[in-house]
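So, here's a batch of structures to check.
Both complexes below contain chain A, partnered by chain B and then by chain C.
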Partner chain A sequence: MKKPVLSLSYAIVAVILLMAILSPLIASADPNFVDPFNRNLAPLASVNTAFLEDKSARLAVFGTDGLGRDILSRMVYGARTSILIGCSVTVVAVLLGTLIGLICGSFRSADGVIMRVMDGLMAIPAILLAIAFMTAIGSGVWTVILAITVVEVPRVVRLVRSVVLSVRQEPYIEAAVSLGVPTGRLLARHILPNAVGPLTVLATFILSAAILLEATLSFLGLGMPQDVPTWGNTIAEGRTLFQIHPHNIWIPAAFLSLTVLSVNVIGDGLRDKLDPKNASRAR
Partner chain B sequence: MTNKLLSVVDVSVSFGSGQKWKPVTSDVSFDIGHGETVAIVGESGSGKSVTALSIMRLLPERTTRISGRVEFDGRDLTAYSSAQMRDVRGNEIGMIFQEPMTSLNPTMSIGDQIGEVLVRHRGLSRARARKDVLELLARVKIPAAERRIDEYPHNFSGGMRQRVMIAMALACKPKLLIADEPTTALDVTIQNQILQLIKELQEEEKMAVMFITHDMGVVAETADRTVVMYNGRVVERGETSRIFFQSEEPYTKRLLAAVAPLDASRFKNRPVRYAEYGSDGSISRLEEEQADTVDGTSTPALSVENLTTRFVIRDKLFKRAVGKVHAVENVTFSIQPGETLSLVGESGCGKSTTGRSILQLVKPVSGTIRLFGRDLSNLSGADLRAERQSLQMVFQDPFASLNPRFTIEDALVEPMRCAGVDTVTALSKVPELLTLVGLNPEMANRYPHEFSGGQRQRICIARALSVSPKVIVADEAVSALDVSVKAQIVNLLLDLQQRLGLSYLFISHDMTVVERVSHRVAVMYLGEIVEIGPRAEVLGNPRHPYTRRLLSAVPIADPSRRGQRAAGGFHEIKNPIRDVDYVSPPREYQQVSDTHYVMAES
Partner chain C sequence: MFSYAMRRFITTIPVLLGISVLVFLTLRVSSGDPAAILGGDAVTTEQIEAIRQQLGLGEPVWKQYLLWLSHALRGDFGVSYYYKMPVTQLILSRVEPTMVLAVLTLAVSILIAIPLGTAAALRAGSIADSLSTAVAVVGFSVPVFVVGYALIGLFSIKLGLTPVQGYHRLSDGALATLASTILPSLALATVYIGLLTRITRASVLEVLNADYVRTAKAKGLMPLPITIKHVLRNAAAPIVTVVAMGFASLISGVVVTESVFNIPGLGRLMVDAVLARDYPSVQAIILIFTVFYVLINLLADISYGILDPRVAS
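Coming up: the complex of A and B.
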C-alpha cells in the first residue's frame, strides 16, 4: 500500500457504512432499552444479568450510559442516522446546487440575483443558519436534512457556476454552437462533464460537514428528537456525567471524529487522483 | 574553421526519469562563427528549441540528460557549474524568446528589468544602469524612451515588448544572441521591423546570432548558414543559398515546396495546389491549378451587406460606456458558390470578428447576412440553427476546438443528431466523412489527444462537413500547423471545394497561403475592407497604401532576392477604439477594374 492513511480511511468508512446498513444485526441490544441495574458501566465491564431475561454472560463493549442503555448499540444506530442524513444532504445539495449553478452560469440575468442570495447564505455562519431553520420549522429527520442542505447548497452553486463560466470560453464550445448544438445539450454534454471531478471532491466535504453539523444540532438539542439514538444526542446526554464517566462522551466523539476525518482524507485522495497536476507533483 | 564562436558537438538530449529516458535530440552538431547568423529550421517537435536550451543549460537538471560537448569561445560549457553558467547567461550569450507577452515580468517596470541584467553582470550602480538602459531603449528604437522607461510591460504592444526583450538580451553586449522564434507571435509588418532591427544591431555589435525558426521565408531573409532539423536530428547544414537551391535532402525539399513563392505568370485567377511528395522525397503530384469551380451566374452563396460589429467598453465602477471597439465597420462582400474569398489583415483588424459575426456567434450591431438569398440576421434559436447548417466554421486551434472528452465518432455524430438525423444514419456516415478528409475510418473510436495537429484539423473539417454545408468559414484554419502539414490541409480544402462545390471565406494573415487558395482577396484594416478584388490584381497591383505595406512585409523565401524589399517604415498598428458618440466617416470605393475596388483615401 502506497498510502496507508488513505487505505485506513476507506476501511473506517466501510465499517461505518456496514454499521449503518446492518444496524439490527450488529447491535447486541436495543439502543433504547433502559436498564437501571447496569447504569454507567465502564467499557468492557461485564453486564449484571440478574434481572434480565437473557442470562448469558456478556460484556458491555463500550459500556452503558446514565440510563443503562448499551453505548455500542447506540453508536451502531447512530451511524445509521448520521449516514442517512449525510448522504441525503449530499445528494440533494449536489443536485440542487448543480441545477442552480447551471442557471447562474448560463443566464446572466438570473446570475446577479441568485448569486447575491447565495452570498447572503454564505455570509451567515453555517451553524447559526441551521439553528435558525430548526427553530423556525421544528425538529425531525426531514427538517434536519433541509436545514443542512440550505447551508451547503451555495458551495455547490459557486463551483458549478465557475466551471460553466470558464469552460464556456473554450473554443470547442464555440465550435459546438456553430455546429448547431442547442443550449440544453451543450450544457449537459459539453460543459457539465467538466464539473464531475471537482463535484465528486466537493461532495465528500459536504458529506463530512453534514455529519458534523447534524451531530452539533443534536448536541444542542435542536436536531433529532431526544429518543433517537444519534452520536450527537449521546454526547449531549453524557455531558452531565463527563467528570465521573468520561466514556459517555469520548466514545461517540471518537466515532464522529474518525468518520469525519476519514471522509475528508478520502476527499483529499480523490482530489489528487482527479487532478493530474497534483498527482504528478505528489509522486 | 578557426574562427568558431560556438561549436556544438554531438549533443544528445533525453527527457525522463528513473529507468525511462526518451531521446529528444541525438548527435546534433553545428558551428557558429563570430558575427555570423545561423538559422536552425525545423517543424514543431524537431528539437530546435531543446538544442538552444541545452546550450544555455536551461533544461531542468533532474529530468534531463545531456551528452556531447558545447564549446563557446574556447571553453567547454558542459563542464561549467551552475554558478559559472549564470555568469555566461545574459552576459556572453543573450536570449530572446517567442512569447513577448509572457517573457517579461508584469510586476517590474521595463527599466528595472533591463537594469537588473546590468547590475548583475556589470556591477553597475542603479543610477548608472538607468542611463545605460535609456541608451539601449533608444538603440532598439523605442520612441520616447525617457518617458517609457518607468512603464510596465502591459503598456507595450507585442512588437514593443519584443524590442524590450532584445534590449535586455543586448544589455551586456553578448557575443552570441540566441533568438528562439522571436517573430512568430508577431504580425508581418512588425516581424519585418524586428528582423531589420536584429540585423542592424548585429552589424553594429559584430555579434553572432543563432536564429531558431520554422519559417523558411525568415531564413531566406536573414541567415548566412542554415541547419535543418527533423525529429531531433540534423538532416542538413550549409550555406543558406545552397540549402535553398541545391539541396538533395527530401525533407528540406518538402519544407521549401511549402513556402515556394508562386510564379505569377503561370497562374491566373484560380487556386493552386501544393506539390505533393512521396515518402522518398520525390514529387508525386505536381503543383497544379485547380479546375474552375466558381458559379458566377447564380445567387451568391453568402452575401454580407454593411456588417458592423462593435463592442462596448464599460467603466469598471459605474458600468458606464466609455468607448466602443469598432471591430467590424460597414463590411460588404459576397461569395459565389464554389468561390474562395480570402480575408487578410493583421491581428486586431477585425477579420475573425467578421467571421464570427457572419455565423451569429457574436451579434452584429447592424447589417444583413444572406445565405443563398435568405436573411440570417433576424433569426434566432431553432430557426437560426437550422439555417446555419449550410454555413460552417473551421477554427484556428485544432487542439482546443475538439472536446477532449468526445471520441471522433461522437464529435462527428453530434452535429448530425442536432440537425435531426437519426443515430443509425449518422453513425453510418462517419466512415464516409473520415475517408473524405483522408483519415482511416478505423480511427473513429479514438480520442482527440491521440491525433497530431494536422489530423485533428482534418477531423474538424470532417465535423464541419457532416451537415453538408455549402459555405465554410475557415478562421486561420492552417495558421497553427507546421508548413508541410499546412500544405496537405490546403490541398484537402481545395480538393473538397472541387468535389463538393464549397465556398470558402478564408480568414488568414498568412500571405503565402492566401496567394494559393483564393479566387478573390479582401484586405482589412481597422475593421474596414480597404481593398477587394481578384487575387492576381490585389496581390499583383495593390492600390491601397496599407495593402502595399502588408505585401512588402512578407518575407520572400528566396535568398537571392534578399534586401530587395523596401525597408518598412516604423509604425504601430492602431486600435479601433473610439468614443461612444463617434460616427464613422462615409467611405467611398473607387473601381480600379471590373471587380477590383479600393477605398478612396479620405
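Coming up: the complex of A and C.
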C-alpha cells in the first residue's frame, strides 16, 4: 500500500476516534433535538433561529434531516456508537476466540466438538446469523454487540488454533515441555506470542467488519434502537426523502465508507509489514 | 472421483444438522410462546392450550426439534404468524425476484471480474491493474446499500434510464424485469467483483510463472490461446472456490439490496418477517439460504476435484 494513502487512513481513523471520545464537545447541537422550523436544510444552509433560544447566526454544516435534527451532531454521536460497538466486538471476539482457539489447539477431545460448532457458525452467512440472534434476543446495544461477536469469533478461533497446531511441532516447545513448563504457562509465554502478529491484523478486519455490519443491521431497522443516532439509522431514515434531499444519505454514507475503508487500509498495511511476502497477494 | 464427491457430501451432513439445531434453538426456544402469538389479542386460555396441543408445544424440546425437522425436510415450515399462510407457499411466491437478481449478479460479476483480473495480472502497473485494485478496495469498504443509492442517484434520477425502485415479474416481459433488476445487480456485484478480481489476479499471476506457460510461449503460441487454454484453465480452481464462498456476501447483499430497491424477494421477506416477529418464516428463510450456501460450496469443492484431479485422489 502506498505511503500517503496509509497516512491518510490513520488520520481519518484518528479524527473518527476523536469524534467518538469528545462527542459532546464537538457536536454543536443535541443529536435528537427535533426542530420543525429547520427541517431538511441543505448542507451549509443557515439555521432559522426565530423560534430557538440560541439566536446566534449559524450554519447547519451538514444540513438537517426530515425532523430538523442536526446531521453533523448525529454523525459525531454516530461515530461514538460505531466505535463503541466496533471496539467492543473486536476486544470480546479476540479474547474469547483466543481462549477457545487455545483450548482447541491443546486438547484433542475438545477440538472435534468445538470446531464442528465453529464450522456451523461460519457456514451461516454473517448477516443471517446476526439477524437470527437479534430476532431471538431483541434489539439493543448489547444484543448488537453479542450478535456481531458471535459472527466474528469463529475466525479468531480458526487463526489461533492453526497457530497452536503449527507451533506445537517446533523444537523449542518440545524443549519447554520436557523442562516441565506447565500447560498454561506454555500456552501464554511460548505459543501465544506467535499469534500476536496475525491477530492484530485480523483484529483490524474484525473492527471494520463489525462497523459495517452494525450499520447494515441498523439500516435494515434490525440493529440499534431508532432513538440512538447512528450512521446506519440516519441512512435508514433518509431513505424516504432520498430523491429530494439526498444529503441525508450521502453524508452518513461518506462517514461510514471512509471509516471502513481507512480501517481496511490500515489492516492491509499492518499485514504487509508483518508478512512482506504477502504484500501483493489477495486477502 | 465419485468417491471423493461422496466423501465431501457426507462431511456436509453434520454441518447441515448443526445449522438446523442452531436455527431451531435460537428462534424457537427464545421467541416466547408461539401459541400466544398465533392466537392474537383476543384469545382465551383454552384456545391457547388447543393451539399448543396442535403445534406439539407441550413436548420436550428435542421432540419438537425432530418434529420440526421432519416437517422441514418434507418442505413444510408451518404457518406464518404474520401472513397467515403456509410459509412454503409464501417463500415460493418470493423466490423469483431473488433468483433473477442472483443469476444476473453472478453473470455481471464474472463477465467483469475475470477479464479485469486476468488483464491486471498480465500487465502489472497497467490501467487494468490499478482499476482492479480500486474496484477491490471499493467493493470491500463501501456498503452495498450506499452503492445502491449512488446508482439510483446517477442512473434513475439524473439520467432517468431505469426505474427507481420496484420489480417487474418475468411474466410482464423479460425486458421489464431486466430494467428493474440491472441496477440492483450492479450494486450487489460490487462486493463480488472486488473479491473475484483479486483472486483472479492472484491465481493467474501464480500460473503465469509456471514452466508450461513458458514452454507454450516458446513454442510460439499466440498470447490469447495461451491465456485461455493454459493460464485460465489452471487458475480456475481457486476462482471457482471464491465464487462459491462469495455466495455468503451475495446472500447478505440480497437482503440489503432488496430493501434498497424495494424488490419483493426472499431477503425483503426476511427483513419484514423479523420486524413482524414472524418466527416460522425467519427460521425457514435462514435455513434455506444457509443450506443453499453450504450446497453451493459442496458443488464448488466437487468441481475443484474435476478441475484439479490431484485434489480428488
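Everything that follows uses one rule, which is that the second predicted complex is superposed on the first by the 273 of 283 C-alpha atoms of A that agree within 3 Å, B and C clash if a C-alpha of one lies under 4 Å from a C-alpha of the other, contacts with A are read in each partner's own complex, and residues count from 1 in each chain.
Keep in mind that, in the parts below, a residue touches a chain if its C-beta (ideal position, glycine included) is under 8 Å from a C-beta of that chain, and two chains touch if they have at least 3 such contacts.
Just so it is clear, the structure is predicted and the values come from calculations on it, not from any experiment.
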Fit-or-clash call for chain B and chain C when the two complexes are aligned on chain A: fit
Touched partner set for A:M134, first chain B, second chain C, both or neither: second
Which superposed partner A:E174 touches (first chain B, second chain C, both, neither): first
Partner chain in contact with A:V117 - chain B first, chain C second, else both or neither: second
Contacts of A:S109 with chain B and chain C, given as first, second, both or neither: neither
Touched partner set for A:S56, first chain B, second chain C, both or neither: neither
Partner chain(s) touched by A:T216 [first = chain B, second = chain C, both, neither]: second
Larger contact residue set on chain A - chain B or chain C: C
Chain B and chain C, minimum CA distance [Å, superposed model]: 8
Residue ranges of chain C touching chain A (in the complex, touch as defined): 14-15, 18-19, 22-23, 26-27, 30-31, 136-137, 140-146, 149, 152-153, 157, 164, 198-199, 201-202, 247-249, 251-252, 255-256, 259-260, 270-271, 274-275, 277, 279, 282, 286, 289-290, 293-294, 297
Residues of chain A that touch chain B when the two form their complex: 170-172, 174-182, 185, 189-190, 193-194
Complex contacts: residues of chain A adjacent to chain C: 116-117, 119-121, 123-128, 131-137, 208, 212, 215-216, 219-222, 235, 239, 242-243, 246, 249-250, 253, 256-257, 260-261, 264-265, 281-283
Contact set on chain B toward chain A in their complex: 356, 359, 361, 382, 385-386, 388-389, 392-393, 395-397, 400-405, 414-415, 418-419, 460, 463-464, 467
